[in-house]
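Structure, as structure tokens:
Going in written order, the chains are labelled A, B, C and D, and every chain counts its residues from 1.
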Amino acid sequence: MNDDRDAPTVRDVSDWWSTAISRVEPDVIELRGHPIQELIGSTSFVAVIWLLLRGQLPTPGQERLLEAALVSSVDHGPHAPSIAVARIAATCGIGLNNAVASAVNTLGDVHGGAGEQCLHLLGEVATRAGAGESVESAASSVVGRWRARSRYLPGYGHRFHTVDPRREPLLRRVQEAVDDGVVTGAYLRAAEAVEGELARGRSRPVPINVDGCTAVVYGELGFAPPLARGLFVLSRSVGILAHAWEETGQGRRNKGPMPPSIPPTFLS
Amino acid sequence: MNDDRDAPTVRDVSDWWSTAISRVEPDVIELRGHPIQELIGSTSFVAVIWLLLRGQLPTPGQERLLEAALVSSVDHGPHAPSIAVARIAATCGIGLNNAVASAVNTLGDVHGGAGEQCLHLLGEVATRAGAGESVESAASSVVGRWRARSRYLPGYGHRFHTVDPRREPLLRRVQEAVDDGVVTGAYLRAAEAVEGELARGRSRPVPINVDGCTAVVYGELGFAPPLARGLFVLSRSVGILAHAWEETGQGRRNKGPMPPSIPPTFLS
Amino acid sequence: MNDDRDAPTVRDVSDWWSTAISRVEPDVIELRGHPIQELIGSTSFVAVIWLLLRGQLPTPGQERLLEAALVSSVDHGPHAPSIAVARIAATCGIGLNNAVASAVNTLGDVHGGAGEQCLHLLGEVATRAGAGESVESAASSVVGRWRARSRYLPGYGHRFHTVDPRREPLLRRVQEAVDDGVVTGAYLRAAEAVEGELARGRSRPVPINVDGCTAVVYGELGFAPPLARGLFVLSRSVGILAHAWEETGQGRRNKGPMPPSIPPTFLS
Amino acid sequence: MNDDRDAPTVRDVSDWWSTAISRVEPDVIELRGHPIQELIGSTSFVAVIWLLLRGQLPTPGQERLLEAALVSSVDHGPHAPSIAVARIAATCGIGLNNAVASAVNTLGDVHGGAGEQCLHLLGEVATRAGAGESVESAASSVVGRWRARSRYLPGYGHRFHTVDPRREPLLRRVQEAVDDGVVTGAYLRAAEAVEGELARGRSRPVPINVDGCTAVVYGELGFAPPLARGLFVLSRSVGILAHAWEETGQGRRNKGPMPPSIPPTFLS
């Protein structure tokens, strides 16, 4: 190697990948500065999730709220697209990690990404309300602007349940965290204001759904919107894995979405 | 629909997908019989992982041991193939779930699957020892047979660390679980016997590595070998997500494995 | 099954998946109405690609132009993110299809998706020019609007090459197709007008790049913008497969992006 | 950078990724030594597929035979697991490349990988016959050994069709290639001998299926078994893309495998 200042150096190369998350050298593994041997057996999995994403360990109140959200989204049965893909893939002779990957891949803007988009929406409301505007007025403006773009308002509406069984436990935990001073309640108030805005002039309410509830949790906890999707991925991976494993044990090979006796319709 | 006995019926169709993991109907979500509203806020994420995979909630001792294993494998830095793929993918303008999926997909037989294969190996030793043979003799036979098939013995050897910092905390937690009567120790004894067999006649030992340690944990806890890989997937997904998110924030687009100033070698 | 009109019927089920692409029954496979036995050995792979996507076979001129675009994008070496991911994944003990999948997954908005976005842009210019506006004026308005949204204008600029070797052959084939009356030239003229707009007031031109050239081809051929990405996927899958296979033969396991002797930088 | 012989050098780094497939430098793209501008518009997509995988351009006879196999496997309708996954994924708000990736990921040992395994089997027969044994005797031994391992013999049997419409055109093209001296016929004879062996003592024959026919083609053309799967991936990606695109146009969101009116069965 010559001395030409334009020639690449080893330093140029070692800087190409840089991380604050972990330091790994022979006989050393540190996660955000914590030696891993001090975490194993003493720190919960949820606390380690927070640690890797945020840079420090969570407080007990933060950990509890994150845990509630992670538990809430683990599964929604074999008709959820992610679960269906996991089960179909599991019959094709690929590894469990591959079946999980095919399924996690489907958690996009429409299936799992709604929480991310709702967090954007609630963030806009909370930011305006934090700047002095009434939360009701903020909700009205923001909802108006989002509705002009699309008829689907992320986080609100009956997707499958009339009264989603995950809603009350999640929102109650948020209120408890507000009462305990763990979070401010800004996102909770924003979500309630949006729900109020959606109810105006309608006979049937448009309630917040689970994407909206988890968006409230992740917003209160200070996660950026894409991590609402990322955390939904960690949660749903549990159900995806369980279903892929269960399908493997049922013994069918190359399973399609329906029995072969019901062929798809041919559109001539 | 006619009465022809050969015609498919709606029953044929509804039986095509069947699960014991969850029951999802309008306003109802039950995970292994537990209403989800009773789990959110009261049950840990790790306990829910066990619940979905095994069918009932774990005992505190089982939960602690599973948690230790899940924490141990979350990350191994940007040179681990799964982490590298996550970071590269994250610069390509795809969703976080897609970057995670591309990375989880790499956790195959060689990267993450070694725990699954080690669990098969230890299971063979433990089964023979359980049938009356000495564990040392069982280890000797099984190791001999595995070595005839491949020079890589899963779960043993220096992959990167001379003394893996995850080893001692994991094996100590297993021993504590044995002392507490949570697990039998059959896999721990099998792993120690294999380590002893590998040391015979060598100047340098071939110690158990982290794949082997997690295999011991998962074997003691009664998980089938493919779930050793599945649980490694849930664990490593955390680091994968964190690294994909961090790379997104570093602002580069379309990042390759090295700086463009260092082109790949062309083999003419 | 009862007679309740609300009960699902087998018809509801068989309509759930409907396609005009293929009809598959015992002993019958028809692709867009063509029995497959009439296609095998008589119809080119590229013509079959067109057939499945568009519904009928292409003319020879259309097939030639599509083929040129597909050939142009097959590979860009091991530093392209998709190729890097394929090669890393191939060392992890997963199937070739899995390595290909992880890599194809990275062909997003920034790596492969630029052609899709450029086709949107050119389509806007071509539509306005088709409505009577001069193509130069249309280019000026559209470029102005796109530049307000992002500093990256898809399809234009030096990404790696100063003079991309794929540009001239692709644009020449488009001009030939215009001369032969196979395509109208609307997208070619739009692309040239955009290039002219970008050159105004600059000392250095901002030439159309390969994403832009393939966008011109796909636009002239009448493909919707997402299929610009889809066709890029079919093309790049060839290089992805070849590189994954080659890496498999090089014998390394669990390969990271750089040699272990160059650790990543830790940001403390 | 110091002179320590143990310190990594830039050379160590640039050798980490090495390829004979392509050379990419500013203004240069060569595929197996061919400048890409000489391939675009003059060389077929199938010939380029061969070029990248094999290192040189195919003869016309080789190209025709490869093309027949690639055309044969492009689609098998919405009940094929890969197609089902593509269509479900396409309703989830992810990119077309992501839907394709999730689907390609399912082309494992059981769905698409059967061609790879059949090529191994036929290769064993052809090798023994090439060493002097009669092909019938070779077939008998090899089939016996494979049947001892699994009841599924890859490449043979009624999977869906009684008379697969792809069989005759594929095998006829192989025979033509033998007659033209393009290939030797060793794999064709091996496949016929296996079919004969499977027929012995049975009332119903066990005919070669499409996995077996494509295995014959890829074996005659000299492709290694994993590339039988790789080439099936390139072929099936076409149908996967077409179905994902068509489903996108049908407007449903978050589609499961069946209508919601038919819930999955809960195994209590």
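Basically, a contact is a pair of C-beta atoms (placed from the backbone, for glycine too) under 8 Å apart; a residue touches a chain by one contact, two chains touch by 3 or more.
A quick map from chain label to UniProt name: A, B, C, D = Citryl-CoA lyase.
Keep in mind it's a predicted model, so treat the numbers as computed, not measured.
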Both-way neighbours, i.e. chains that touch chain B and touch chain A: C, D
Same or different contact residues where chain D meets its copy chain A, judged by the half mark: same
Chain A and chain C: spacing of chain centres that average the CA atoms, whole Å: 30
Geometric centre distance via CA averages, chain C-chain B, whole Å: 36
Residues of chain A touching at least two other chains: 8, 10, 13, 16-20, 22-24, 77-79, 84, 94-95, 97-98, 101-102, 105-109, 112-113, 160, 255, 257-258, 262-264
Chain D residues within the chain B interface of the complex: 10, 13-20, 22-25, 33, 94-95, 97-98, 101-102, 105, 257-258, 262-268
Contact set on chain A toward chain D in their complex: 1, 7-11, 13, 77-82, 84-85, 88-89, 91-94, 98, 101-103, 105-113, 159-160, 253-258, 260, 263-264
Complex interface listing, chain B residues touching chain A: 8, 12-13, 16-24, 26-29, 31, 35-37, 39-41, 43-46, 48-49, 52-53, 64, 67-68, 70-72, 74-79, 84, 87, 95-98, 100-102, 104-109, 112-113, 160-166, 168-170, 172-173, 226-227, 229-230, 233-235, 237-239, 241-246, 248, 250, 258-259, 261-262
